[in-house]
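We just call them A, B, C, D, E and F in the order they show up, numbering each chain from 1.
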Amino acid sequence: MSADLSAGFAPSQATLTGENADIYFVRTCDILQAEQLNPVVSMEVFCRYPAVLAGMVEIRSLLEQVLPPESEVWGLAEGAVIRPREVVLRITAPYQTFALYETAYLGILAHETGWATAAGEVARAAAPTPVLSFGARHVHPDVSARMEYAAMVGGCSGCATPEGARLAGVQASGTLPHALVLCMGDTIAAVKAFDRYMPADVRRIALVDTFKDEAEESLRVAAALGDKLWGVRLDTPSERGRVTAELVLEVRARLDMAGYQYVHIVVSGGITPERIAYFKSAEAPIDAYGVGSYIAGARPIDFTADIKEIEGKPIAKRGRIPGITQNPALKRWW
Amino acid sequence: MSADLSAGFAPSQATLTGENADIYFVRTCDILQAEQLNPVVSMEVFCRYPAVLAGMVEIRSLLEQVLPPESEVWGLAEGAVIRPREVVLRITAPYQTFALYETAYLGILAHETGWATAAGEVARAAAPTPVLSFGARHVHPDVSARMEYAAMVGGCSGCATPEGARLAGVQASGTLPHALVLCMGDTIAAVKAFDRYMPADVRRIALVDTFKDEAEESLRVAAALGDKLWGVRLDTPSERGRVTAELVLEVRARLDMAGYQYVHIVVSGGITPERIAYFKSAEAPIDAYGVGSYIAGARPIDFTADIKEIEGKPIAKRGRIPGITQNPALKRWW
Amino acid sequence: MSADLSAGFAPSQATLTGENADIYFVRTCDILQAEQLNPVVSMEVFCRYPAVLAGMVEIRSLLEQVLPPESEVWGLAEGAVIRPREVVLRITAPYQTFALYETAYLGILAHETGWATAAGEVARAAAPTPVLSFGARHVHPDVSARMEYAAMVGGCSGCATPEGARLAGVQASGTLPHALVLCMGDTIAAVKAFDRYMPADVRRIALVDTFKDEAEESLRVAAALGDKLWGVRLDTPSERGRVTAELVLEVRARLDMAGYQYVHIVVSGGITPERIAYFKSAEAPIDAYGVGSYIAGARPIDFTADIKEIEGKPIAKRGRIPGITQNPALKRWW
Amino acid sequence: MSADLSAGFAPSQATLTGENADIYFVRTCDILQAEQLNPVVSMEVFCRYPAVLAGMVEIRSLLEQVLPPESEVWGLAEGAVIRPREVVLRITAPYQTFALYETAYLGILAHETGWATAAGEVARAAAPTPVLSFGARHVHPDVSARMEYAAMVGGCSGCATPEGARLAGVQASGTLPHALVLCMGDTIAAVKAFDRYMPADVRRIALVDTFKDEAEESLRVAAALGDKLWGVRLDTPSERGRVTAELVLEVRARLDMAGYQYVHIVVSGGITPERIAYFKSAEAPIDAYGVGSYIAGARPIDFTADIKEIEGKPIAKRGRIPGITQNPALKRWW
Amino acid sequence: MSADLSAGFAPSQATLTGENADIYFVRTCDILQAEQLNPVVSMEVFCRYPAVLAGMVEIRSLLEQVLPPESEVWGLAEGAVIRPREVVLRITAPYQTFALYETAYLGILAHETGWATAAGEVARAAAPTPVLSFGARHVHPDVSARMEYAAMVGGCSGCATPEGARLAGVQASGTLPHALVLCMGDTIAAVKAFDRYMPADVRRIALVDTFKDEAEESLRVAAALGDKLWGVRLDTPSERGRVTAELVLEVRARLDMAGYQYVHIVVSGGITPERIAYFKSAEAPIDAYGVGSYIAGARPIDFTADIKEIEGKPIAKRGRIPGITQNPALKRWW
Amino acid sequence: MSADLSAGFAPSQATLTGENADIYFVRTCDILQAEQLNPVVSMEVFCRYPAVLAGMVEIRSLLEQVLPPESEVWGLAEGAVIRPREVVLRITAPYQTFALYETAYLGILAHETGWATAAGEVARAAAPTPVLSFGARHVHPDVSARMEYAAMVGGCSGCATPEGARLAGVQASGTLPHALVLCMGDTIAAVKAFDRYMPADVRRIALVDTFKDEAEESLRVAAALGDKLWGVRLDTPSERGRVTAELVLEVRARLDMAGYQYVHIVVSGGITPERIAYFKSAEAPIDAYGVGSYIAGARPIDFTADIKEIEGKPIAKRGRIPGITQNPALKRWW
């Protein structure tokens, strides 16, 4: 991924003004200002689970814009695999300068780390077979690009939205939707039209379950596109029993028998680490997985921010250990 | 909630341009345009689970902006309790005019319906005790206001961010953070400062677990603020065994014995329907619940969009039943 | 069923000679003869589970042939629903005259009652939808007709082998095998040939999963046979996810939309009471079930024979209660 | 087992005439004949589970009688341990010559393989202690000899019916029934009579639970028969808590203390692999197991027959892979 | 039970001197004395579970001996069914006068309430069939009489040790031990000797599993003692499969058939509420149960003592609610 | 432990007179005397579970007092780890001399072995961290010293009652009770008074949860006592979530930060092997555990006594193996 990633991560106006912050932080700033209190505070951020960390690039982009020069920030690398309770971020700065952003940076970490961690699970299960993130439709459009970016951080090899792909520094990838087939009235007509207008570097991957049996349709599209066909995508809906390992084996066998050994098979629809393990144990010859809701629907992983020093003195609320926590993996940002 | 809700739901640029759409919809529009095909299509949207529907106001705001006058749209009401496979939205329009927005409207429904449904579960469990949404820190800041709005649709009585509260037509509510207590060095000093500067209509709710035992601290803040104290908030962290029903009963008894019968008790920290049932069965005298990750971390509920008619002719992909699905609960939007 | 059922139940030579009896009964007869002992014995037969009793007709046919006139036999009716430990058969006769047949009559009861009981479970689950027994291929051909007969006793509405149907007093029923479709090279050709040569009273039921998607093929065979088509049979193999309720609903909808409301739907493939409950709860419009291994593979239900009186004196082995057991439901055979 | 095993496996008339075949095979033959179609077909047979294969000898006996000389048949050996989906039989012949026998050969394999596999499980669990098949009473007498034969294929060391023993090439074995003891009025009288009349090569094995405690009775029969007693059989019924490991240990100890170290102990009654493991872990000194319903009541293992080539061209129904499946373990029969 | 029960409950020397008290109570008394502190304290005692209360008579006997006249004590009745956290005892007295006895009165309550509660469970399960406590051998002899007394409080109808029976105001009951049978060499000899020397009011109950089968032996002892036999006791050890419902039914039937309808059946050996439910559901005709380890091995039910007032002022440690707890069921002792 | 242990184990009068024996042993003695039968009997004692044996010292003390010189006794060592069914004691003596004590010696073994075995589990789990037995309040005071002694046999490092400690040959240990703190009105006052009056060799261990948060209170007592403070005891009640590993870590950190590295941490309250494993896996720095009800409430482990020889002749009741059982670990007592 390119070095200029932070370009796409500029904070929104609502974040900068605290409109989307918990109101008690707004009030805290008002009170401290009235009291003329602005102590230098060391805040540490951690979560309680092992995870693949994501969101650090976006947080850095936010903090660079709001913190004063004399502040000091330490953080882990994007994509770091973290231990439970490992400190991932430490901010030392006058408290009024960053109190307003706690809701935002915790939320960024929670959501993006949740997605990256789920993507990591799927990617590990599938390796070396690549996994494509297809789940934008499962999250609000204002965060879908972040979700796709986090999926790439976690280990996916491609994603489907232009904005998400740009954040991750890759090209968006996709097949063709059932809607095109339905509008064209026939799978063959649809893939031919796709082939006619799409640039040469866009892979031709045919959906083969719109109207007919998948094995039958695979042979028809292979015959229609010849060696321009990169692959077929099996996406049998749950109403038809989902994709089975036997279906993959059969499609492969029928394609091979008809001379289409070069056609790849992409499988999607409810893919999880368990489903991937099932396909692997059955030796189903799959060339790529498309994964949607397992990643996009992953539960956010809650992070906590704790004050551990005030004006250089160790302190902590009850239940936490006062003072800075050592973590040699932290790098100083500035 | 006010009638002008949609004001805050304007679609982002990325949504309007399709930057956050799955790329195959972008390509489909290109192909259909090249083929000069733009059939009138009826698209139906449904999900597979019972749920509390949210996102319809935001979707209407989007569709009003993009669909041509001759289109026809039917939808269910925001907050409707829906059955599995019930059609919640039907769009009939030339396909090129809305193909690009399928990722967005499915994502809006998935995320907001997920949050509203979880909020409904908590609110039903707690009724008649009110539930406040405190979970902004668990989601990305670009959707935190949507999450809070959806929590209100699902049944919450209040939420914590100014923007979320504005979408829901209420005032934001909150207590005070541990950070203020730590900065002031003492709970009593912190609640007195809060009381000094906050407008009279902001409730004084004291955090009582920062430095000392909750029961001891409750009595101290009650003594300090007198009848201006609206309530105390118990938020014992998991490191200290979380809030128990016995703790609530004890704090209530000690407050009552000292003459502070009017002080309310707010409980937060890992609240779920099961935890609420536990407090109820133990008759713990709780006046309000603060709920965070149960709502904010709710899994999105996936929605599916299916073409069911093209140019008035029933059609469907394999696995679906062709033709319009009757649903008398749908209202025509235009 | 006709009154002359026992015609088909003549015992085999091996049964009459004791060739297939446990050898210790052969030896017991030899010893008693040598000892010139032949006491009149009352033997009672029961099992330990609730069940649908089958095999009584065959056993009566055997005992009529071997017992002397002075013997006395009491039995329950074929198809009786029995309680655990209920006596189903009592034989009082000189012991040498029937010791040799204990293995046979217990085995007849075990196997046939097992099949009838399983058929009863499926038939109760499916009622009022009829169930056809299709499981001959799961049992040895020398008992397949007995299995089909027992399935009819248990509640099936039809069965597939000529001999089984004759025992049950009905016509055999069936569809057409995948093999015919494969030999003819095409489903349409196969159903047309079937229609050409089969008598008018044989129902035309088309298999629709040999080469293509079931919904697509159903419409093709309906178009080919017109109103001569009685029904289609859905038998999706486990490799393709088995038949789902949604598939049935879709095939029904597509047939109806095309004007083939009169075409019935038969479902087979791994049908069990649980699967039937699933189809019912999903309101899948099924007109008949074909059931194979659930009935044919049912575990035999073990029966036990106990001597309870010898020469009119109550006796029993340890663990059993001596003397005749009262059961008013027993009818005297002779 | 002798080389001439197939002698006892001649197919019945009902099998040869198709009376016990699924009627759709009868109809298929009629249709193909009317159409003058008789393609050379390659049919492959497999099952979906690991198993001990039995029934091949009987199937060979059937096919030898019905197939024309130009046909080609490949099969695995009787008793082969097979993998899931391994092809066990391949018939290449004009389809009309063998279509009628599919129900029969599948049923033979299902039933016999089910029995042999269960016997294999028990025998493996018990090894090196021998297992005797005592389950004829749990199956219909027309298949009890096949069951016993299959149990021997699977690993039993003896069986109880003369016909089953003859198929397996051994002598039938057995003890003496409770009925003989009851008729003689006393266990000692019964074993003495048994001893008086039975040939010297028949083992004297006494049942010791008819009237008295097993340990007491064991000592009495040992005293009565002296060194002619080969063993005692413990068969405590479930009403008395079944045989326990402690009972076996106690009987052994009491026999040894009284000088009957040579008397063997046979245990029966609900024996399963789990029960055998329990006896083993308790080091119960058992010399042989008698097993009935675990083997005789084993679920048939369903086999499937698929056409994979027609006139030399690979073909298959949907869900199967077209063309001959390689299996080097197959031997050519002719 | 007689009014003079407390006679047998005099505290031991070790209890009165505090030798068996937790040493920190000894030290507390020393310190308070040195500090010349002896405040009047109200101590309340409760447990966290529903239970049958036992031990109050013994505690009253202790407190009467140690407390000064000006003290005030309230207590629940022996045998009361108590709710979780219900106060069962309240002592108001100068603290030095009773601090030393907290270990003792908590231990008395814990152990005796545990036994009484378990006895209550068994007695309720068995009602109206009586339950006899036979468990002295499972507890230390210095508390076996207390255990038997508590079992009677909980609902047993008889117990086996002279001292326990005296505490409970009944006659001890028992059968005869296996040892007597073994010493006499024969069950019949043993029961005859028992009959010869025991007073007429001692029930003749024969053990019938020492040497022979229970059913056989029951008939033998009935024949030997005639109508002097009150009953037989079935106590089959676990090595022989324990007593089963079928065994009881069979013994009953064989006794009845032989004219011994008047002989009762007592069952013992691992009796629990679940086992009693099993016998009931099988309608086993049992006249009394002998219960040992279920009662004697019951877990003590921990009680807690809390100071709730000092010199009339409400107080409590953290986690408890200060001040006297109302409980109208408490009666004032003095 | 000292060699003179048996001094404290003298049997009670009730044990010597048989008052607390099962009455059938009393009657057996009467009958045998009347019959003038007093055979020399070998009695063996065993249990069915692996355990840590305790009670042998007390039994020896009893048997020494009652058995005649010509008797022979073999026993295992106190604290031996025994296998299921291992013989732990064998008495050979005229039966009338010891029949009366069977209830007593079985009860001693049951109760003491139960406690020792539970103590062994806790001690093994905690090793090398020491475990103190604090459970006297959970058992009747007449056995609390035996319980503490048995806990020491099982592996505890200390116990709390003077009598129990004397039996085990150690000094009693304890902290100070909540009652002292409540009477003194303040934790600091209480620990100071404790320090003032207690001998120097009594460890100063402060309870820190009476009025305030544990971490806060720990720092206060450390400041008050300085280096005379040996440790603090965390005993958070279940109403406050019990002690958690995080609390221990936090108290340790706060003590260390304040310079009190030498202060030990003792943890009590519901300690079990599972809880200890949890603390270990979280690396909670605990210096000692106080364990109460896990040991004191342990279920007695039932022992059985069997006659195995009478006058030198092997005998046994049904279900047991006649004759002496070899066990080389047995030592001859006399």
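Remarks
The rule is short, and it goes like this: a residue touches a chain if its C-beta (ideal position, glycine included) is under 8 Å from a C-beta of that chain, and two chains touch if they have at least 3 such contacts.
Keep in mind that what you see is a predicted model, and the values were worked out from it rather than measured.
Common neighbours of subunit A and subunit E, listed by label, are B, C, D, F.
The pairing of subunit C with subunit E is characterised as different-residue: of all residue numbers used at this interface, under half are used by both copies. Taking only C-alpha atoms, you rotate subunit B by 180 degrees to land it on subunit D; that is to the nearest 5.
With centres defined as mean CA coordinates, subunit C is found 56 Å away from subunit A. Centre-to-centre spacing of subunit E and subunit F amounts to 22 Å, using the average Cα coordinate of each chain. Residues of subunit D in contact with at least two other chains: 211-213, 216, 236, 239-240, 246-247, 250, 318-320. All chain pairs that count as touching, in label order, are A-B, A-C, A-D, A-F, B-C, B-E, B-F, C-D, C-E, D-E, D-F, E-F. Across the complex, subunit F is touched by residues 213, 215-216, 246-247, 249-250, 253-254, 257 of subunit D. Contact residues on subunit F toward subunit B in their complex (touch as defined above): 211-213, 216, 236, 238-242, 244, 246-247, 250. Those residues of subunit F that touch subunit D in the complex are listed here as 314, 318-323. Contact residues of subunit D toward subunit C in the complex are 11-12, 14-15, 18-28, 30-32, 34-35, 37, 39, 41, 95, 99, 102-104, 106-108, 110-112, 134, 136-146, 160-165, 172-184, 193-194, 196-198, 202, 209-212, 236-237, 239-240, 292-293, 296-297, 299-300, 302-303, 307, 310, 315, 317-320.
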